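Order of writing sets the labels: A, B and C. Residues in every chain begin at 1.
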Amino acid sequence: MPRVGRLLHGAGLLAVFAVTIFPFYWMVSSSFKTQTDLLASPPVWLFTPTLANYAEVFADQKVVGAIVNSLIVAVFSTGLAVVLGTPAAFALARYEFRGKSDLWFWFISNRFISPIVLALPIYLVAQNIGLLDTHLVLILVYITFILPIVVWICTDQFRSIPRDLEEAARLEGASQFDIFWRIYLPLGVPGIAVSAIFGFIFSWNELLYALVLTRRAVQTAPVVATSFMSGYELPWGKIMATGTVIVLPVTIFALLVSRHMVRGLTMGATK
Amino acid sequence: MGAEQEAGVIGTKGEFMRPLLRNVSAAIALLGSALWAAPPAEAQAQGQAWDIAKAAAPFKGTQLNVIFLDRPGYRAIIKLLPEFEKQTGIKVNYEIVPYENTREKEVLNFNSQGDLSIALVDLVWIGEFAENGWIVPINKLSGDPAITDPNLNLKGFFPLLLDAFGSWGGTTYGLPFDNYSGLLFYNKCMLKDAGFDKPPATWDELARTYAPKLTDPAKKQYGYALQSLRGETQSADSFMRMLWPAGGSLLDKSFRSNLGGKDSQAGLQFRQNLMKYMPPGVVSWDHAEAVNALAQKQVAMITEWSAFYSTLTDPKTSKLGDCLGVAPEPAGTAGRLPALGGFSLAVASQAPEKEQKAAWIFIQWATSEAIAKPYVQAGGVSGRMAVYDDPAVKTAYQFVDPMVASWQKGVPEFRPRFPAWPAVSEIVAEFGSKMMLGEVTTEQGAKEIGTRMEAILQKEGYYDGKKKLIQ
Amino acid sequence: MSTARPRPFYTGYGRLTPLWFLAPAVLVLLVIGIYPTLFAVVTSLRRYNLTRSRDGFPFVGFANYQQVLGDPTFWETLGRTAKFFLCVMPFEVALGLGVALLLHQPGFRGLRALARVSLVVPLATTYAVVGLLGRLIFNRDFGIANSLIGLFGVPSFDWLGNSAGAFAAICVMDVWQWTPFCALIFLSGLSMVPVEIEEAARLETASKTALLRHVQLPYLLPGLTAMLILRSADVLKLFDVVFTMTRGGPGAATELISVYIQRVGFRVFDLGTASAQALLLLVITIILARVYIRFFYREIE
């Protein structure tokens, strides 16, 4: 019985991997196809790969620049959201005060409103104070979308941290900030990592604001990827190559933080 | 009629007076822009080569901002741009935007006094841009000989293009830059195998004789494909394409819906009947899919924009090779009324005066007769007539003859160009594709479109005399 | 932050302490968020069409709201969005939970790590590209979807060319993209179950279901609430994927509420009406969120 279970477990994991990765695989393999192979019917699995699409993508200076822009925007907006959001989550998780649940809800609700209607006022403000086409404007806007996630996930995470650790620290004379800094932050890393991944991915992929608020200087990766869609011709190979190039940095980021997503860390610390 | 001045600039330039120009409708179209008394300086300057460097000298270092698309016409001008920048010292900053977002970007920019100095105007936006005062009538600038090309020669544009892409209410705002005509692209070999040695001349012929013989669903072979994806593709490429040749139209003279009329219904019904010979699923097809179906020899005929010629001749994207044939779109009972589309460039009113002048110099250059040939050779489609008389151009590009033929006559309001079009287009797209799916009959669909469209036009003030009925 | 200074003899916390921790986040959200939101509220009370800016933007009271509430298309698209949510959410939650449990179970370290990282990939794929990928995958002729169902003997199907197929296709792409989101949230919930408790429970019972129900579930519920709320809000805003894949068609088969608002707001540029629509949606989202919290959100203590 355990062996069958183990087998099922392995097979399940493989299936998860295969299904998750398949469309991505299809995108990557399409990015190595010529247009003729891409549009062959039925689709071809084996083909002579071509680097032409990548050559075209990288010949376009824009793509590299866009990746850098996206990286700047995603790192700063996520970083700032974590810096701002974790103390707030700590307060929401640990303190009692009036209006706490309303405040918590208000944080979350910042994600609810449709960006289509906020785009215009934000555009007008940005234009007035000269922030159009800068990294800063995107970072600021994205913070408002990432903060709710950080506050939310981290509040939950912090709540699950046993109180006795805190009591012990307090007896040793730790300040509230010490407790936050030395106990909650390190133990909350899995939650922080998960919220940071979501935040990073959100700002990495955001299209609507990026389209409206940027011009030439700060085009982000999704903006460039969609600029090939002229509504007229679809250079599938080029789009798929750009798509692949865009996904890579996020995957690398995920690899970097993924070890924090394991429970091992919490386990060691609790002991 | 606004004060017009081109007459003097164009004057009596006999060498450009092609026979086509004498076409009556052309003359009428241009009449509006032919009443300006030219300053004598310009008359003298005629015939001389334009010293663009001298004209641009005061604007050296000016930065122009414009939105471009990722299409062949723009790639072509981008290739030629360094030469312009070198000669004039004017810098052109272009931002490439997907077509779907172009209008949104421009409208936001114009509403907030942004930095765009040139407007890229799709034929269907001209009414909106002009009525809002976002673009400058060219006669405001062309009166200044210091910044105007003596060979501007507005009569050298296809009158239909200048009229449809660049003019609104009798005033010219933009010069035709990226030009398209609907053409019939077909697979000569497939037609030959089915016993046809020439393409169908009429829609009726296409549907009755050609399509049945060329369709064999068992082999996944279809006679014809019509790109009909919901959006502008449905409303312009699919719906209107079938409406006009049958004698139908969207609006009647008083701007009420004409879709319930006999001719309009005949056109829409024709489209339904033709679907037997189209691949299933054309309602989800955009241009790319239709072009590809022809390129992969799954479909014998498509009606598509002229600019797809290069995609269809490129061995990387097409299996057609020598089998590719190009002809004007078939004629309907109301004559040959092919799809018409394209973009003009116009000076943006929000730009400071100096920038406007520099923008005017750029627009003239990009659409000039002098640059037409290199532009075509770089992959663009010029709106100038003269270049297509060049034997080198004619022989190199199979699409030239049918395209020139298509531009002889047409309806500028193929899609109404009034400001309400974007809203109307959405409705046409929704119910047009519902008709094709059989979710509504052509009568029901026409009724739905009619009610909703008239509600929009009512709001716009077309029915209470507040607004002139121009489209 | 003033609390940053160590205070050696301080034990409890003062009334203002929460404030110091909360202030930065609250201030930033207020400064960035309040103006645009107020602007949207004011706009919803005006006739505000950007392509008629010469006519000015007069106040019209609640006329925009009235118009929206009486607009059949608004309700149709809203209903379709609800249907979409009900189609995708059960799959995403169930599959997400299954995946999270598989990943949480000890054994196969390498494979687990690989699968866990692969979860990020769908999330990381730019939405507009997902839509295009969908068009490539579900194409009738050169799409891989038909080849795959062909392996099981199902005949080729014209996914995007008919209403039901197109709706199913956008559902499939959404489930693909968002199941990992649910899985990751569930996984972080599972990782919060104290190890001692979980191990004790494992010794007591061999039943996985019992373990899940009595030990792990309380830790999963907050995550589930988060998922439901965030996904509801996201589905109401879902735009890029649908737009690039089907543009809301064929017919109106995939026209979700956000596609409709985009059409009103950025095609017709009737921002007055679009703002009214969006604010009504905001109210709906808030009500939904309240309901979820009421039913699912319990503190783990």
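Everything that follows uses one rule, which is that contacts are C-beta pairs under 8 Å (C-beta built on N, C-alpha and C of every residue); 3 or more make two chains touch, one makes a residue touch a chain.
Not measured: the values here are computed from a predicted model.
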| item | value |
| --- | --- |
| Category of the chain touch graph - line, ring, star, complete, other | complete |
| A-C or B-C, whichever has more C-beta pairs in contact | A-C |
| Computed distance of Cα centres, subunit C from subunit B, in Å | 40 |
| Whole-Å gap between the CA centroids of subunit A and subunit C | 14 |
| Numbers and ranges of subunit C residues touching at least 2 other chains | 50, 141, 266 |
| Residue numbers of subunit A (touch at least two other chains) | 39-41, 120, 124, 226, 229, 234 |
| Multi-chain contact residues (two or more partners), subunit B | 100, 104, 108, 231, 296, 298 |
| Contacting residues of subunit A [partner subunit C, same complex] | 6, 9-10, 12-14, 16-17, 19-21, 23-24, 26-27, 30, 38-43, 84-85, 87-88, 90-92, 95, 97, 103, 105, 107-118, 120-122, 124-125, 140-141, 143-144, 147, 149, 151-153, 156-157, 159-160, 162, 170, 173-178, 180, 190-191, 194, 197-198, 201, 204-205, 207-208, 221-222, 225-226, 229, 234, 236, 239-240, 242-243, 246-247, 250-251, 254-255, 258, 261-263, 266-267, 270 |
| Contact footprint of subunit B on subunit C as seen in their complex | 50-54, 139-141, 158, 160-163, 166, 243, 246-252, 255, 263, 266-269 |
| Complex contact set, residues of subunit A against subunit B | 34-36, 39-41, 120, 123-124, 127, 132, 211-212, 215-216, 226-234 |
| Subunit A-facing residues of subunit C, complex | 1, 3-11, 13, 15, 17-18, 20-22, 24-26, 28-29, 32-33, 35-37, 39-40, 43, 50, 98-99, 102-103, 105, 107-108, 111-130, 132-133, 136-137, 141-144, 146-147, 150, 176, 180-181, 184-185, 187-192, 194-195, 219, 222-223, 226, 229-230, 233, 236-237, 239-240, 244, 258, 261-262, 265-266, 271, 274-275, 278-279, 281-282, 285-286, 289-290, 293, 299-300 |
| Complex contact set, residues of subunit B against subunit A | 65, 69-71, 93, 95-101, 104-105, 108, 112, 114-115, 231-233, 286-288, 291-292, 295-296, 298, 305, 307-308, 311, 316-317, 319 |
